[in-house]
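Consider the two complexes below, in which chain A is the common component and chain B and chain C are the respective partners.
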Partner chain A sequence: MRDRLIFAGQLGFTLLVAAFLVVPVLLSISAGITVNYFRGIQSGVTLQWVAQVWGLYKGEIGLSFLIAFATLAVTLVVGVPAAYGLHVRGGRLSRVIEEIITLPLAIPGLAIALALLLTYGGFGGFRQSWLFILVGHTVFTMPFMVRSVMAVFASVDIKTLDEGAASLGASPWTRFCNVIVPNALPGILAGSLMVITLSLGEFNLTWMLHTPLTKTLPVGLADSYASMRLEVASAYTLIFFIMIVPLLVAMQMFADKGEKQ
Partner chain B sequence: MNAITGHGAAVHIIDCGKTFPDGTQALAPASLDIIAGETLVLLGPSGCGKTTMLRIIAGLETPDAGGRILFDDTDVTAIPIEQRHVGMVFQSYALFPNMTVAENIGYGLKIRGVGKADRAARIAEMVALTNIGGLENRRIDQLSGGQRQRVALARAVAVRPRVLLLDEPLTALDASLRDRLRSELNRLLRSLGITAIYVTHDQAEAMELGDRIVVMRKGAIAQIGTPRDVYFQPQNRFVAEFVGAANIVEGPIAQGRLSLPGGWLALSDAADAAAAVAMIRPETIGLVAEGGASLCGTVESVSFIGDRQRVIVTGAASKPLTIDAPNGINVEIGQRVGLSVASAAVRVLPKED
Partner chain C sequence: MAGTARPRRRLCNCYLMPTQCLPATGAPTSAMSHRSFIWICLLPLVLVTVAFFVLPMAQLVAVGADGPRGAGAYLAILTEPRYRATLINTVLLATATTIATLMIATIAGLFLQRHRFPGRAVLIAMLTFPLAFPGVVVGFLIILLAGRQGLIGAITLALAGEKIVFAYSIFGLFLGYLYFSIPRVILTIMAAVQKLDRGLEEAARSLGASPWAVQRDVVLPALVPAFVASGAIAFATAMGAFGTAFTLATNIDVLPMLIYTEFTLAANFAISAALSIGLGVIAWAILALARSMTGGTVAAAG
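Showing the complex of A and B:
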């Protein structure tokens, strides 16, 4: 009886918290498909705002995904071997390098952006291209990839596995492909999930780095909030959701599968 | 050249020391020759540098400048582990969680480009040799500790390494399993005729497996010898006490006799000394009647261990003596007893400071 009460209490509280977080989201989404938000849902349901946003901002949306996956590619290609190197080598130098990689976590995105602008702003072609934003996103997301991969390395004693493979004759590259990457997969997937999500949602840094021709989803979102009617901005939110949620679910499923192995 | 032919190599360790970057001297420069085909055990307490020595031989650690490692006549000091053609069994086994048992065993063969059919044959051979039939398609996390140990061994041996290196392979197992696997391992090493270097801190393991034992202490070699040498003729007090149980007695030596508080012991040829240290193994002391015995004492305690009884006798030497007596004889606490020790069983140790 008492257990029941406690359970009911906990369930109630959880639902309340969930509602607190979810209701604004639902309201926002519903606004995106309402003909006139101020008159309420009675005014009718429409996809015209969504269509309008798509028409206006599909460039931004495409660019966002391009940048997100490019960022993922760079963090994978650079981050995974870096994590391996740092873990296997160990010692003080590795610690220092790890700290440096982690630094962007503690520095506001605006400051990173400013630093990038000061340093590379003069290279016109580079400054104008989406690669400039890619660099910002890579700096910002790299620690998440490196950290989550290193966490797995520490938990599966990758160094001994590596030595085991070496004792059987495998060259460093073969070891990396056969032993390191497969056993780090849960961390790599978790890291990838973070990188994609962070890149798609990144605003601070991107807002500083963007040009009128290189805008991402969140920057466009801010744009539409500032200059469009509320229904359009909400429709934008809806599109953002539709894009990112399946991605999150898919990668979460991957991560679960990786952990079970 | 057939990639899987191999043979036991002789290993020569020449002046190999190891100082880690943080300044720890794990190993003082030492030289050691390992005969092709023998099982050499590195024995010593925790932190004495056994693993470091093994890792230097494997190529996982480079010796300090001046140190060299030779396999037969080839200098391998600068050759990385993957080209040394060694087999290694790690304390934690280091089996690949992303592969099945069979894939683990076949990994080294695959790396060496052995064809699928040959590989399968060799895997089957290893599975039979290490008694793990039926487990081939299991994942590593579905194995017991003992099974993992066997897979690790099968994987290391499958490539016919020139030298097999084992770092405390049985330490992670419980006692009864350890005993069983120890004799299994012993048979396997003998039948393979492989050069094996085996690290342990367990002296019983060292005795059973080793053709020769290297007793190590604080990064240096304390003694090298056959199990019998090391047990009966320890060269110093550390070896005497670390390998097996030992009574250490002290007293002056004159005219071939070691004088003790409770009498004297006859020695087989020993120089006179004002203060000498000698070792006597507990099982070499016989309990006899007090009358006529050259050394006497009082029984302080008797513990029945099953196959023998452990008797502690005070008054004979300055410290209580431990005696392993047959389980049939009747001794009581407080009883006066005579002690008989063959002169050959008293080992006078060099003086140390």
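Showing the complex of A and C:
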């Protein structure tokens, strides 16, 4: 009897926490498809707000995808070889490099954005192009890619495989393409999901780095929260959820799979 | 710097097994050496990091000391009453967020990991899906919950005849950080609970300990590393997050908003640089401390 009471109490509490997380999302979704949120869902269901958001903000949404995939490309080209180099080289210097590239996880995005502005703000063409935001996103997401790939290297004994291939006469480049990358694939995929998700949702850096001509999706979101009616802001949030939730679910499934292995 | 300068006939690096240094391994001597290949792998990362992180951060430190106060700007966060009040406010908010999140996540995490019941997977999914929501979106969700047209306002108006609205205050920000931190901390605590040795609990129980005593003396102490690691993340995130406060109200008195207004409205570059260095050092120190205590890797999130 007592156990049942404790169980019910804990279940109730956990359900309450879940409601705290889920109810606002449901409110936002319903507001985004309601004709008039103030009068409630009885006023009718509509996609007009979603269409309006698409018309107003498709530039922002498109730019966000461009930046997300460009960030992914840079973190792949720069991060994957570096993860291999750091793992194989080892030693103190590698530890120091790893520490430094991990710092953007601890230092608030606002500080990194200020640093970039104060250093490169004077380079007009660069400052005003989307490449400026790309740089910020690259600095912020790089540690996720590098560490996710290094985690795989630590678990598959990549050194032995690498040395085996070397002893058979494979050149470093061949080994990298045919031994290292295929073995690192789970880490590369997990890192890629992380990079895309973080880049699409990044606001702390981007708000400081954007210009009126280089607005990303979250910058547009903040814009709509400040200046649009609740239904439009909600419809925009709904579009964001539709894009980001599948990525989050995929990331979670990856994490679960990694744990089981 | 790379090993190419020194003549190296065989692949004989320090990390290779001695047997593989024998000529019979047939390592290519004409092609690029292994060492220089590793340096080529590392070079782009080093260049990107130096150009876009190390140099800008150094510039930030220099700008912070370049205002009318000189290097004293770095002390302003402690000596100037207005900045100090904001710092204290921010630390209190981050502490409250951390403690509340840890308590909530421990109760829910222990429950979810210790019981199997229908719908458990759905419940876990509901508790963890907001994992990487940006701060701006979390701010908007808090407005929908406790803002002027919010659910709590509507409920309290119907029940008590009074509309309760608190989204645009520091309590709204607290709720936002709670929303942000719960998924992350629950995941860490659930993973830690899974690794606990159930035998210890059974031993305590068979020795006559009450269920409450088992929790207090066996389970909770074993979870301390998880508390330290995930608590540090929650704390550092609540110190530095900007999006939620930005969405809720620009006049909430926390450090990131102060830095933002000093930079954009007052164009006070030196103070905003010094304050953001201060904020960065606090966040980094908390995470480094947690890492040295637990030996794991700990990182904040936006």
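Note that in this section the second predicted complex is superposed on the first by the 226 of 261 C-alpha atoms of A that agree within 3 Å, B and C clash if a C-alpha of one lies under 4 Å from a C-alpha of the other, contacts with A are read in each partner's own complex, and residues count from 1 in each chain.
Heads up, the rule we're going with is that a contact is a pair of C-beta atoms (placed from the backbone, for glycine too) under 8 Å apart; a residue touches a chain by one contact, two chains touch by 3 or more.
Nothing here was measured: the structure is a model prediction, and the numbers come from that model.
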item	value
Partner chain(s) touched by A:Ile107 [first = chain B, second = chain C, both, neither]	second
Touched partner set for A:Ala165, first chain B, second chain C, both or neither	first
Partner chain in contact with A:Asp157 - chain B first, chain C second, else both or neither	first
Comparison of chain B and chain C by chain A residues contacted	C
Partner chain(s) touched by A:Met1 [first = chain B, second = chain C, both, neither]	neither
Partner chain(s) touched by A:Val45 [first = chain B, second = chain C, both, neither]	neither
First, second, both or neither for A:Leu86, with chain B first and chain C second	second
Which superposed partner A:Asn183 touches (first chain B, second chain C, both, neither)	first
Interface residues of chain A shared between complexes with chain B and chain C	163, 166-169, 171
Of all residues in chain C, those that touch chain A in their complex	11, 15-17, 20, 25-28, 31-32, 34, 37-42, 44-46, 48-49, 52-57, 59-60, 63, 104, 107-108, 110-112, 115, 117, 123, 125-137, 139-145, 149, 151, 178-179, 182-183, 191, 211, 236, 239-243, 246-247, 256, 259-260, 263, 269, 272-273, 276-277, 279-280, 283-284, 287-288, 297, 299-302
In the complex, chain A residues that touch chain B	91, 156-157, 160-161, 163-171, 174, 178-179, 182-183, 261
Complex interface listing, chain A residues touching chain C	6-7, 10-11, 13-15, 17-18, 20-25, 27-28, 31, 37-38, 74, 77-79, 81-82, 84-86, 88-90, 97, 100-112, 114-116, 118-120, 135, 138-140, 142-143, 146-147, 159, 163, 166-169, 171-173, 176, 197-198, 201-205, 207-208, 218, 221-222, 225, 230, 233-234, 237, 240, 244-245, 248-249, 251-252, 259
Residues of chain B touching chain A in the complex	21, 58, 60, 80-83, 85-88, 90, 92, 94-98, 107-108, 111-112, 155-156, 159, 165
